[in-house]
Amino acid sequence: MTPDLEQIKKDMLRQYPPKVAKKREKAMLINDPAYDQQIQANVRTVPGIISQRGCTYAGCKGVVLGPSRDVVNITHGPIGCSFYSWLTRRNQTDPGPDGENYMTYCFSTDMQDSNIVFGGEGKLKQAIQEAYDLFHPRHIAVFSTCPVGLIGDDVHAVAKEMKEKFGDCNVFGFSCEGYKGVSQSAGHHIANNQIFKHVVGRSNEIIEGLFKINMLGEYNIGGDAFVIEDLLRRCGITLVASFSGNSQVDDFERAQNADLNIIMCHRSINYMCDMMEKKFGIPWIKVNFIGAEASAKSLRKIAAYFDDAGLKDRVEMVIAEEMAKVELAIAQIRPRTEGKTAMLFVGGSRAHHYQELFTEMGMKTIAAGYEFAHRDDYEGRKVLPTIKVDADSRNIEELTIEADAERYAPRKTEDELAALDTELQFAGYEGMMPEMGKDTLVIDDISHWESEKLIKELKPDVFCAGIKEKYVVQKSGVPLKQLHSYDYGGPYAGFTGAINFYQDIDRMVNTRVWSLIRPPWKKEPAGITATFVTQ
Amino acid sequence: MTPDLEQIKKDMLRQYPPKVAKKREKAMLINDPAYDQQIQANVRTVPGIISQRGCTYAGCKGVVLGPSRDVVNITHGPIGCSFYSWLTRRNQTDPGPDGENYMTYCFSTDMQDSNIVFGGEGKLKQAIQEAYDLFHPRHIAVFSTCPVGLIGDDVHAVAKEMKEKFGDCNVFGFSCEGYKGVSQSAGHHIANNQIFKHVVGRSNEIIEGLFKINMLGEYNIGGDAFVIEDLLRRCGITLVASFSGNSQVDDFERAQNADLNIIMCHRSINYMCDMMEKKFGIPWIKVNFIGAEASAKSLRKIAAYFDDAGLKDRVEMVIAEEMAKVELAIAQIRPRTEGKTAMLFVGGSRAHHYQELFTEMGMKTIAAGYEFAHRDDYEGRKVLPTIKVDADSRNIEELTIEADAERYAPRKTEDELAALDTELQFAGYEGMMPEMGKDTLVIDDISHWESEKLIKELKPDVFCAGIKEKYVVQKSGVPLKQLHSYDYGGPYAGFTGAINFYQDIDRMVNTRVWSLIRPPWKKEPAGITATFVTQ
Amino acid sequence: MLLRHTPEVVVEREALTINPAKTCQPIGAMYAALGIHGCLPHSHGSQGCCSYHRSTLSRHYKEPVMAATSSFTEGASVFGGQANLLAAVETIFAVYNPDIIAVHSTCLSETIGDDLNQICQAARDGGKVPAGKHIIYTNTPSYIGSHVTGFSNMVRSIASSFAKPTAEKQNQINIIPGWVEPADMREIKRLAGMMEVPFVMFPDTSDVLDAPQTGEHVFYPKGGVTIPELESIGSSRSTIALGQYASEDAALWLDSHCKVPFSLLNLPIGVRATDRFIMELARVSGMPVPEEIEDERGRLVDIITDMQQYFHGKRVALFGDPDQLLALSEFLVDLEMKPVYVVSGTPGKTFAAKMREILGDTVPEAKVKNGERADMFLLHQWIKEEPVDLLIGNTYGKYIARDEGIPFVRMGFPILDRVGHSYFPTVGYAGGMRLLENILNALLDHYDATCPEPKFELVM
Amino acid sequence: MLLRHTPEVVVEREALTINPAKTCQPIGAMYAALGIHGCLPHSHGSQGCCSYHRSTLSRHYKEPVMAATSSFTEGASVFGGQANLLAAVETIFAVYNPDIIAVHSTCLSETIGDDLNQICQAARDGGKVPAGKHIIYTNTPSYIGSHVTGFSNMVRSIASSFAKPTAEKQNQINIIPGWVEPADMREIKRLAGMMEVPFVMFPDTSDVLDAPQTGEHVFYPKGGVTIPELESIGSSRSTIALGQYASEDAALWLDSHCKVPFSLLNLPIGVRATDRFIMELARVSGMPVPEEIEDERGRLVDIITDMQQYFHGKRVALFGDPDQLLALSEFLVDLEMKPVYVVSGTPGKTFAAKMREILGDTVPEAKVKNGERADMFLLHQWIKEEPVDLLIGNTYGKYIARDEGIPFVRMGFPILDRVGHSYFPTVGYAGGMRLLENILNALLDHYDATCPEPKFELVM
């Protein structure tokens, strides 16, 4: 009995007011990889709908600088925004015994009403000064919260002034007020722009290495980057900069040294890839280190790009070594997970990437969708030209980049690129839908209401989302795997990460604890066999 | 208003059956240091009376070998006796990073009914063998519990046999069945005898040192011995053996090297002093390191004995150093403790020694008594000839000691000893009563009933006893200081120990927590001012 | 070191807050609103606020936390949020069908000056609020006060939205529990019940944020104060407000508008604060204190007298919210512990003075700071200057505790890394026993782990 | 190292017990007797036994523990202890005036063959037992079984001394709680009360060994089962016996002598054992299970589902008493933890088999031993062979925990170095929540203290 997905769609929409239903309908479709379908994405969430989405500030602070340890990130605004983004994203970092690490700290101007009335620039300046005097960091970043833009504080002017004043400390700001855009996504774009403008290429230091790459869109949740770094090291690949797991802003400044950009999370950082290609001539390719097969494929892509026999051999050696362990784990676990079902509603890339892992476990992804992605993340970059820019997106600055007079250098000839393109798909991303099964549901920006209906109708064995959904779903007796925080587990990247994931999911879908939920008196009604009745 | 102590005595006795009252009356007196009075001590506890006393096994295992770390102490009997004496006496020991230490272990033959019926010697042999095979200790001791004597197991024969079998391990036993004697005291005597017979002088190793002493009757509760050892070391006095705090049986075997025995707890180990004097010619003196003044006096006695200028100077230097700190502490604390009252009912020497500390704090001991002492501990050794040996004592072996043919050596000439005697009082002990104030109560083997009455009548600021009394007394709102376990505090010996004690007693007699006991509604009855009454 | 850049020497800061001991108003309003049965809290601002608050509450309670948002975009920020809120109200009643929507503002909607009163009225007038349903609001500008202020504001608005003055007073009292855990609210109700006091308690998050696992998600759990109950609070004889910072405003409003007199007490944490709460219940009910309560008290005091040596003189550093800190400090002083450092990000002129009253003669050396820049960075610096024996505060304290090797007791908001705080009370005499157990475990575990081997103790 | 001589390799021992996981019978009899109101336990042996037992119980409860002794001397051991016991009875009633004296024997009086039945009768006949007062006895030879056996024997003797068979059965049941803490007895009564089951519970040490601090020592605290209650147990409809090792004998006696049928259940520790207890109460009362109990259960299960990742697959070593170990192991298996090593000094042929039933398919690698030489030395050696993630047992476990760096949860008897075990239950659903909190704290505290800094977690 295959479920009637059309019917389920109708059920999900029925409760909505007509206008809302009409809008939400465009964000849902029944997938068929054989045909192109258009999904509505990156549009406003209907007010009152309980959405998974956060704001631009979250996207901006979280995505690139949050995971970097050598920068003092000052939130300019009331205390809340800095408090909630304090250590809550599990971007792990390894500063070594005495390296710099400001990630465990929370910095804020703690705006008061007087600052709202009379302006907060003075307080911001003073705060930057105090941070500088206390820590003498090489980098200070300022993040604007909602009121800042409205009261007209010019964080960029302040940053510029303080930067000049200090001389030995780069200070730069972000106009990432929470109300901009429609989700975290706008924040990613803003972060990309400012990092590119103020940081990338600031240093002309030369990084040595035969096979130099940058990794983008890998945020070292639960130690993923540690795993990938280890793989690259063993293959003899030099990681110039990671944007931005286990990262340092110092490295961003030298990123132009790389000869290839590999990108994990297309959504959050593809802008950076394009801009670096334009300015420095660094080609970029989409990779995915989530899933053993995907990891192997990604390593081979890099080897193919550099086209070096030794590198290729090392890559194959590493893959062989790792796959042996992976196959061992799969052999044990897959019999217990085969045929089980998963739903993934999260982020801008994980809802796609993690399908790889479920496939490797023999599990079927029956519904998926992103929280803050765009159409290209669903349908592939081929649709980019056809995406019309709405009011919310138009407000986000689009930098126009030109080739760097001195430092632009094509890494390959046109012919070389063309030859490699079929395998590597430069600057390409297929998106989620082509890789998802037929008769599966794709839903963008799913609401609580819709997910609760989905769970009732399709009873997945595991549901993947975030902390806000975690206990709602589990209260319905379905285990939820957080794919933002990994439920404080992980790493899940690379081969060892894949094995971790198999084991965690095996535990979740096969645990007996759910069987404890129903009390025995709900099964056999008590009292019937009573030996006597109390008076 | 001085309390009518005679009346209080009557009140304590009133509730008893006549025979019991008659007996208990002999164990109570109103002290007057100016006159000799006879107290009843070391007699049977009336059955049914809730006494503080333990048994012979406890006294024997606890006193000498319990605190020694290089001996495997096997309890031959049902499991309980070994279990209850496992780590419960706080004899601390410092084996260093890799020295031997069996004190954290509990060894038992765990006698079963078959052993009771058919005898336990076989199991005991096997147990000793297993201990030897597991640990290869140089010393194994066997302690008999109640059933052992009754079923006729000969632990001494077994010990002898195993000792001969091993060759490199001294095995010896104790007939310390719990029913022997009337309290722990019999166990002390039995322990003294066997240690002297089987251990002391076993080794002819020569210990170097100018001023060599043994310390007896110091059990390193809460680290007391650590403090005293440090004082002796700083004075340049060599401690050959300590019977037995932070001790090793290895040292007992060489104890005859000492030229002076100093004894802390007269009750538990005076037998050993006498026997060592007879056999080896080592004089002994009573000392007391509980109390700053007493500690100073004890150090001076040792210096006087060796009559060495350098030693005397060092002793005075150490005393001066330490007393400075003591006076500082006293100056702060005494104003808060001056005039407060204490009762001490514990042990065989502490009830006497600790009066020193209370005196130094300006506190008055208004009642005291021992748990398992003899008349000489109350009245002084001068009464020894007059103590008639009753049935219970007669059962405890009295060793007849002769001078060792090779090793007997007088340490001083008769004249030297005579000259020093006034200051040092060789082989002398004044006892508690001469040093206790007039119009104070002295009660031997006090019962729960009597102590509860005493507390009601005399309301002491602090009561000193053991764990069984701890919460009984505190439930009546009076703090109890455990003088067996020090309430898991200490050290209290020497000068630093004295300061610890001042601070702990200051805390206990001045704490505000007792003021929390009475709920406010017991003070102002509730409801009177009720705004309305519930229906 | 986790906090490796924190210098020992304190330098006065005028603008920069580091490692705050507070967060912003709206989350407090959201928590308070969840204490009304059938209520959907609504955040009038951009999505992020709601998302952040739901996430934090979800982590603290490990429970579903449902709330909606006006999802401001740049447009709304320019033209005002009325359209968004009206649309939201319509959608919410259609989809989630709550009995009541409790709206709170944000720094965004406050900065642009949205008039929530007018918008809510417009929603009612526009028929967007179905018959028998309710919408209420409170103003929670994030740039004033703290999360505690937001809680207090919502509690006051709950009172002012439903209370009607009556000449006839009913035979009941109001209890405003303050910002405490569901378990604490449950315990406060148990004690009031044993004192036979008829009462309405608001807010009440018990049976809301400690809901059982039943295999189905109940969108509106059975707990929470009901609207009929709220409609009766204006006719109560009196109000007991627990905790000045969280509860006084609502009590004041009821007094001035409905002539319901109130007594303001500390949170009933510890012996004497609980005594005052029980005495107040006895006063209003005229009932004697039942033996059962007296026994609970006696057991608490028994632990104190038994274990006093482990409390006496220990130096403690505290951070958190004023109502908790005041009550807890009094308790610690009764234990003869020394709260030497106390910080709270929540402003309030009376705090330092009240704290001095409690600490004055017994802990003259105490350092107390609240309001702006009274943060954990400062607390950590004080600790580096002169160490403490114990740290008590929310989960963020664990970074200081590990760096400095200090025993740590979790108490306050948020607790993100342990369970228990929502299930076992810290108020009342039973709660005091739990606190003592936690403090003793922290101190004794530390001793067991770090003492030299010859000093390792079997009995404690 | 504290236990530095413990070798890794296990060698079979035939005679030597090292670091026992049990003690002897009399202390169990003393504890059980304290569960009768107005009872003075009496140890018929030499002084040391009584002193040791009172000391251990005092340290475990930090409460007064009153008991008397026959103070055997060598004479008594030769000529028999009758004179001592008769003298004791006279003195006890004169001085301490109990309602009842509960005598237990010792290895000494058993070895010399004192006939307690005859001596007690002699006491009665000799007028040494005042009118309305009672003397009962039980035989507790220390060289058979363990402290649990002694408890069981006294409980059986309590039943056999007072129960009278009646044709007419009353509308009540008997509950025999087993050797659990006062808090557990209180919780069992609360649950039975909520199920509206009229019952007599014996023994009952609540309000005896958790007495409040009132400033005066009450020699016989108000708790304990009363003699009139005990005189009615023969006429109860049925008996619920909790824990085979501590409670079955008494239940069997009541069945065979008074025709009171019984159901034997595990101690209600954990979800399913408590379920069976509640279902049994529901069966006898015919009452539906109230929502409050169902909610408590739901909260317990909620913690399990929320935190399951921290329990799953963790290797646990357990030592203690059989009834606790059986119930606890079932709970741990439900949490998907692995009780890989289990030792109990208490003998019993059924134990290993029952344990296998529980662990069989899920923890096939488990090592289980009970009886002679099933001691902590062996457990420690197993741990050295292959480590565990958690150790659960009495205070003596701390020496292993520190040496091996293992998280440690205190549970069982005796607990000499912490407070709480006597005040907070581990039985029932609420008790399960406490157990989970303690286990999680032990595991997570260990992680927080030992993980590499990059792996330090804010949220757990």
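For reference, chains read A, B, C and D in written order, and residue numbers begin at 1 within each chain.
Everything below uses one rule, namely that a contact is a pair of C-beta atoms (placed from the backbone, for glycine too) under 8 Å apart; a residue touches a chain by one contact, two chains touch by 3 or more.
On a predicted model such as this, the values are computed, not experimentally measured, just so you know.
Student: Among the chains, which one keeps its Cα centre farthest from the Cα centre of subunit B?
Tutor: Computed centres place A farthest from subunit B.
Student: Would you kindly tell me how far, in whole Å, the mean C-alpha position of subunit C lies from that of subunit B?
Tutor: One centre to the other, that is 54 Å.
Student: Where the CA atoms of subunit C average out and where those of subunit D average out, how many Å apart are those spots?
Tutor: The separation of the two C-alpha centroids amounts to 39 Å.
Student: Where the CA atoms of subunit A average out and where those of subunit C average out, how many Å apart are those spots?
Tutor: Centres of subunit A and subunit C (C-alpha means) sit 34 Å apart.
Student: Which subunit A residues touch at least two other chains?
Tutor: In subunit A, residues 87-88, 471, 474, 514, 517 touch at least two other chains, as defined above.
Student: Subunit D: which residues touch two or more other chains?
Tutor: In subunit D, the residues touching two or more other chains are 2, 59, 62-63, 211, 213-214, 294, 297, 301, 304-306, 396, 399, 457-460.
Student: Line, ring, star, complete or other: which describes how these chains touch one another?
Tutor: other
Student: Using the touch rule from the top, collect the residues of subunit D that touch subunit C in their complex.
Tutor: For subunit D paired with subunit C, touching residues are 1-2, 59, 62-63, 207, 210-214, 294-299, 301-307, 395-396, 398-399, 402, 416-420, 423-424, 433-434, 436-437, 440-441, 444-445, 448-449, 453, 456-460.
Student: Name, in rising order, each residue of subunit D that touches subunit A in their complex.
Tutor: Interface residues on subunit D, with respect to subunit A: 171, 196-198, 237-238, 271-272, 275-276, 278-279, 282-289, 294, 297, 301, 304-306, 308-309, 312-313, 334-336, 454-455, 457-460.
Student: Mind listing the subunit B positions that touch subunit C in their complex?
Tutor: 87-88, 90, 92-94, 223, 226, 471, 474, 485, 487-489, 504, 507, 511-514, 516-517, 519-521, 525-535
Student: Which subunit A residues qualify as touching subunit C in the complex?
Tutor: 15-17, 20, 44-58, 74, 77-88, 95, 98, 100-102, 104-113, 115-116, 123-127, 129-131, 133-135, 145-147, 149-151, 177-183, 391-392, 395, 448-449, 452, 466-468, 470-477, 514, 517-518
Student: Where on subunit D does subunit B make contact in their complex?
Tutor: These residues of subunit D touch subunit B: 2-5, 7, 11, 13-20, 22-27, 42, 45-49, 51-56, 58-59, 61-77, 84-85, 87-92, 94-96, 106-108, 111-112, 141-144, 146, 211, 213-218, 345, 372-373, 377, 396, 399.
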